[in-house]
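Heads up, the next two complexes both have chain A, just with different partners, chain B and then chain C.
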Partner chain A sequence: MWLWFSKLGSPKWFYELSGKWLPWLVAAMVVFMTVGLVWGLLFLPPDYQQGFTSRILIVHVAVAGTSLAFFPLLLVSGTITLVWRMKLADMVAKNAAILGAWFSFITLATGSLWGSVMWGTWWEWTDSRLVSMLFQLFLLLGVISLRSALEDSETAAKACALLSIVGCINVVIIKYSVEWWNTLHQVSSPVSMDTQSPNGPEFWIATLVMIVAVYLFLSVSLILSTRNEILERERRSQWVQDLVSKS
Partner chain B sequence: MLDAIQFSSFADFIDMGGYGFNVWSVYGLFAIFVAVNLILPLRKKQRILRQLKRRMTLDEEINSEDSQSS
Partner chain C sequence: MSEKQTTTSAAFLATLKRDLLIAFKKKNDIVNPFMFFIIVVSLFPIGISPESDRLTEIAAGVIWISVLLASMLSMDNLYRADFEDGSLEQLLLSPHPLFFLVLAKNISHWLVSGLPVVLVSPLLAYMLALPDEAYLTLVLSLLLGTPIMSLVGSIAVALTVGLGSRGLILAVITLPMSVPVLIFGTLAVQSTLNSQSPLGYLSLMLVMLSVSVSLAPLASAAALKISVN
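On to the complex of A and B.
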């Protein structure tokens, strides 16, 4: 177990393993994305109240749900960096913060585009779900700028890990905001097996396909940028030199 | 299966029951978001490899000049 753990932390090992996984992840991502998008745009029936704007929701829900994974991920990688001083964890954390900011932004933008027609407003400052999601975006931008502001990488890792703990509290707030407070944002739709129900299988299976697609996209994008980070930070090592001379 | 397609014409498809702008904006935004976060790291990788390669050949040249002059 410990051997496996320390091996996993080795950038070279990760680079080689992820290289083998990437084609499969990309293939799975393409399949799920295609099925999800074609289903969403062509086959998903209009909702009896929302009309075709329900098609916005399968994208919005998938991106929003996935965006909540970033702070727990940052917390885990931050802890690993602090406790075991594993270089790889910090490389993942650096890129996860950037990708997480993208996810939060797309969540807000797609939500706004839905809300503007269904709620009649693009933004509502009194809605705790909306505001806590905006706060997540700012926290992630904070993590990114904190890293670039601090020269010493060890100090940066510590500071980022600390911010990640705060961020994880915010994730809980985002998740339960719709239940704790009276919000404009609706609560999660219960999954229904009834094909006649507006949130029946047709809708939630499409959402599920999009969620899997978005998670696969997250993995592919994060692996790609982490591999770049490895090449840059390990450029003096023999294995990278060998790799470059072969390419 | 084709019966399940919700539109009878292409114009209907674009219109999305009157919500065309919002639905297509969301899907367009999503497409850009996915494409950018895949293409940028791929292009960065090529740039890194190119730079490392250039540095390597430069090093080799310097080394070979050194050995000739000595």
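On to the complex of A and C.
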């Protein structure tokens, strides 16, 4: 078990293994993404209440669900960085923060596209999910800007790991306090988020396909950016130079 | 060599005393955030509306947000001077648990930057036409909330202590983290205004304070060790 663990920490090993996985992951992603998008956005029957707008939700729900995975991911990689000083964990964390910020942004963007039609407003402070997603985005931007401000990469790795752990605890507290804040303040609730109920199974299957597709997309982009990071940071090592001279 | 053993509590008190002494020698660091707070609060009536009805509505939020900004500005010199003159390294090298030394620094920082703001808040609340019955809640919520901000902000300051210019990055990191304190602080005042008991919110803030007293110095200590190698 420990041998496997320390092997996992070696960038070279990860680079070779992920190189083998990548074609399969990309193929699966393309299949799921095409099925999900084409079916979800072009063929799914309109919702009896929301009309064709419900098709936005297919993308939105999948991206939103995925963007909740980023802080746990950062928590795990941050802990590994601080405890075992594993370089690979930091390379993953660096790109996860950037991807997480994009995912949070896309969640907010698709959500307000849907909201502008269904709620009649782009932004609604009374909805706790919007507000806590916004602050998750801010916290992730904080992690990213801390990394870009610190020049020494080892200090940056540890500092960002610590900030990610603190941020992860904080995001949970923010989530619950915002929920409390708005449930007590909510004078009139415009529309609740759970309007996607009696839709028949197609909607759920399409959403599920999209969730798998987005998770695959996340893994592919995380692996690709981590591989890029590995090549950049290990550019002086022998195996990278061999790799470069071969190609 | 005859070495006099010090206890951790003596080290804690010595750090606290030293920081307070430095603060009173350099009064600018105390006065400027305080003035900043008063000026920001007095800009709101000019920018929004001088009518007392509207001011009553926003008073708690205005005071709370100004406190957040002022405490963030004053945080900047929490570890910086010590980092520059090398005494921070001595602190890290000391045999006593860093937890208590960091806690002492945070307490002294709160005493010179948080407490004055809390004490002057009723006056500003009066200027913003906050009804009398909410004064006590406001002061209590600030009394519980400002130490949380000092403790949590200290983590971000410790992480960025080695940076040359860091005013804005500190804001980007700390301000989102202060959302829960802001929510409960203003909710407590609002619920008093709606003649409900603010005790629930105040006790939640007390919980947050005790959690941050016990955990935040740990994170700050770890952050200092990362920043100073």
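Throughout what follows, the second predicted complex is superposed on the first by the 214 of 247 C-alpha atoms of A that agree within 3 Å, B and C clash if a C-alpha of one lies under 4 Å from a C-alpha of the other, contacts with A are read in each partner's own complex, and residues count from 1 in each chain.
The definition used in the following text is that a contact is a pair of C-beta atoms (placed from the backbone, for glycine too) under 8 Å apart; a residue touches a chain by one contact, two chains touch by 3 or more.
Computed from a predicted model, the values in this text were never measured in an experiment.
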item	value
First, second, both or neither for A:L139, with chain B first and chain C second	second
Contacts of A:T66 with chain B and chain C, given as first, second, both or neither	neither
Contacts of A:S164 with chain B and chain C, given as first, second, both or neither	neither
Partner chain in contact with A:S18 - chain B first, chain C second, else both or neither	neither
Chain B versus chain C as contact partner of A:S128, first or second or both or neither	neither
Touching partner for A:W181 - first (chain B), second (chain C), both, neither	second
Chain A positions touched by chain B in one structure and by chain C in the second	none
In the complex, chain B residues that touch chain A	4-7, 13, 16-19, 22-23, 25-27, 29-30, 33-34, 37-38, 41-42, 44-45, 48-49, 52-53, 56
Complex contacts: residues of chain A adjacent to chain B	33, 37, 40-46, 51-53, 55-56, 59-60, 63, 99, 102, 106, 109-110, 113-114, 116-117, 217, 220-221, 224-225, 227-228, 231-232, 235, 240-241, 244-245, 247
Contact footprint of chain A on chain C as seen in their complex	155-156, 159-160, 162-163, 166, 169, 172-173, 175-177, 179-180, 183-184, 187, 208, 219, 222-223, 226-227, 229
Touching residues (chain side chain A, partner chain C) in the complex	82, 135, 138-139, 141-142, 145-146, 149-150, 155, 158-159, 162-163, 165-167, 170, 173-174, 177-178, 180-181, 184
